């Protein structure tokens, strides 16, 4: 970022030299550090539980639909690119391009959440629930037939829904805050090449959520 | 709530055009938020104290009807006699309220909020609205926790550490809604804590006044800054664990359920991974505040400022790799036990550095025993006992004997009451003028200090002996055991001392409220201190400074040779001082 | 004053991410390699992707070190927790 | 002596007490040093008119001294304690030929399983647990379980012979604690934890749960009988004969 831009987003109060990053951006990075610990606790519990589990884990793709989730992953990656394009656009001073790319990002995120909700409904219908496998469901029959390991299905359900659920919650928060910025700031054209703090900050959050999904997709769906 | 209503009387001197609600209830001013936190946390301190008195009644006079106990419902204490299930709720809620809602809010909520902008010379926090959200989510968390005591089956009853599976299964604990509300409250509390922490960290990094370099910051600010980092990174782990616990209770997940492959020790690892940094969250700010009080009272620069800073950082760093010492006898891998023992013992080093530096500060000083100084010295004396008794628990073989006995109860109270709470009392008296524009009564403050010191030691010191005799924690009636029967007189003695200790807090309580309305009007700088906050009127106005202060030196320049006064404010420019190389101001 | 920083080619990063995701998907099928090798490869690809997002989209590559430290600090802490938790099962 | 450490009744009770006393001496010296120092400073350096405090920012040699001394002390203490820790709780610490007893903890009672004449504990299965007929879940299909003796709330141990306990918990975490033996170990659901000790003094002791396990935690108590080896053998034979006579375990 250029010095002049950085200065515009600095508080007007003279201060001892800090991190040379404006407050909102620094605050977002600090918040993300705490988010790393939050997801670290959830993912760490999953790793510890799976590592110590008595039996095998269900094979990838048997319970979860990898294809639709792979598409969802792709969607989230695309929305990350559109977010960064929005950021580049306003940095260069094109508010109309910003509006376009931001809208794309919002749509991408909304689709991701929609598909995840669809996936959840589908899974629950098949009998995959946070407590494991629902009695008398399609999956319960598979467990009985031995094509799914009975010993670890409870942990599978617990960890899957907790991790992806909280990720989905974060995506939803991201979509809502981008929508808020889109309506209150981007549409009225309040962002300029000198002041686009909101876009950069929400972008950082959005990329972080994408980053978490990249890890989750690999360790939950593919391993 | 009384807390907010009372805030309204505090500052009528500065009339600005904000409405009453904006000014005192949904305020974004860090000082008002700090005062809100003060009322909230003092309220919970009182609640926690009441619970402790009930615990002590049962232990001192087991099975006897408690005075006023007939007011409690049949499900808690029929005829005033405490029931076992109510007793473990008392134990659980006393720990929860005191750790999360009293001490942590008093230090991190009140003093981080109130002091950071004032002491580094900022207008306000970096994110005032997030700051307000932090208070209101703490308020909600406290409300939920308080409400959980009034649901039909009563409050959570698995101890403040909430060990699963007892906490996770209602058929084993006997409480469903109470346990769930505990989890919900802790999740809200985690949110509040993260919002607060990110605010404190950003403010300290970016919003220091010109000349306020890192090594000119008061130790209280250093401690609060490091504490905020600990809170930022540790509390999300607790929130994650509490979420898993809530899902276990509500959705029937299996994280901690061995029958379905879950792991019981996972909860303990998560809880103590948060819990040990939490212990330092509860003591580091008290150490920082005590440093400020002792330097001021000794009229001497703090001894070894840099090593004090490094000791704070060292404690914070070691705090991440010692959590296993809470789990030596939990069935944890014994090799981990060995490594956790070594890292735990090493914490004695920075703690010793701090104690000796406080003594070094007093050495050849000119000690003024105002009430805050008394509390500062009391802090050092009592924290030393708490720190030393920790070494017994750190040594694994000895811990095997005294783990989960009253020895650990004595230890934690020496650190949290003798340490943190003494520093907090000192801090309240010390910054009372900046908060409310009046001084607290000096004489009654001294009476309160000495009575507290006396009864506090009478209450908690004998607990070491209880623990050495093998008295387990959280026993409803120790007389079940033959070998504990001879300890009953000691337990009764402790209980009577505890009642007297609680009684002497009334003095503080009355002094606090009386001084708020009738106390002596406070001058600008009643303690003749160097800090930036003392250049402001008492109480400090909204927005703090019209023009930012410029800082020329560290905060502990007392008794500088050649000066007529024995203090030298940070903002006073001497002919030899150079202007700081500050970053220029930028307009919009 | 100019755009002193080099702006990365975001579309190229996007192509990278898409290709790496496709590679991961390929690894999810039954392959004649051991489970551990597969796990290592998948983790490697995931970390690569995560680094691409962190370094380019979140601009960590163009930030000062003190901001990078902020982003890195929590990771070893989380790893310590995981390592201790896992060590319960290997003694 | 009720306010001091309880009597020593196991082989490592003496070592643990020595560790306790060593730490008590180290901390005691520090305690006296600090508290007396504080009192002296408070009196000697109290404010008097016309006096000014000595202006100093510290002293590096002093910092080095009070960093180094605690550091060295703590490292020595750690090394010394670790030997004892490994001896008591280490992976391969259980002495060969130790007498095996199964301990099953549940809300709010202790169940002890003695191996009987064959010296082997039968297999247990959580799924077989029945409150009245099979409180510890002993598997009747295992030949080793046929002669096992199951006793509620009474732990009998021989003196002069190491005993290894296999701790299990049925519902929540409990903690096995006999103060005179200086031994404590949590019993954790889902884990089988070994803990050993060797009683030295015959007598009656008390075993308590030291981990909050629910509203009956306070009364989760069992009696411990440390017998001489001869008495213990008589007791065990007696119980075995009784069990045979009843035809059930």
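As written, the chain order gives the labels A, B, C and D, with residue 1 at the start of each chain.
As a convention for this text, contacts are C-beta pairs under 8 Å (C-beta built on N, C-alpha and C of every residue); 3 or more make two chains touch, one makes a residue touch a chain.
From a predicted model like this one, the values you see are computed outputs, not experimental measurements.
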Two chains sharing the most C-beta contacts: B-D
Centre-to-centre distance between subunit D and subunit C (centres being mean Cα positions), rounded to whole Å: 45
Approximate Å spacing (C-alpha centroids) for the pair subunit B, subunit D: 32
Distance from subunit C to subunit B - Cα centre to Cα centre, in angstrom: 38
Mean-CA-position distance for subunit C and subunit A (Å): 15
Sequence positions of subunit C contacting 2 or more other chains: 73-74, 77, 81, 85, 88, 91
Multi-partner residues of subunit D (at least 2 other chains): 91
Residue list for subunit A, restricted to those that touch at least two other chains: 19, 21, 26, 30, 33-34, 37, 40-41, 45, 48, 52
In contact (per the touch rule at the top): chain pairs: A-B, A-C, B-C, B-D
In the complex with subunit B, residue positions of subunit C that touch it: 73-74, 77, 80-81, 84-85, 87-88, 91
Sites on subunit D touched by subunit B in the complex: 2-6, 12, 15-16, 19-20, 23-24, 26-27, 30-31, 34-35, 37-38, 41-42, 45-48, 51-59, 62-63, 66-67, 70-71, 73-75, 77-78, 81-82, 84-86, 88-91, 107, 126, 171-173, 175, 177, 179, 182-191, 193, 205-206, 208-219, 221
Residues of subunit A defined as touching subunit B within the complex: 7-8, 10-19, 21-24, 26-27, 30-31, 33-35, 37-42, 45, 48-49, 52-55, 130-132, 151-152, 154-155, 157-159, 161-162, 166
In the complex with subunit A, residue positions of subunit B that touch it: 122-123, 126-127, 130, 194, 197-199, 201-202, 205-213, 232-237, 239-241, 243-244, 247, 251-255, 257, 260-263, 266, 269-270, 548, 551, 580, 582-588
Residues of subunit B defined as touching subunit C within the complex: 233, 237, 263, 265-266, 269-270, 273, 320-321, 324, 332-336
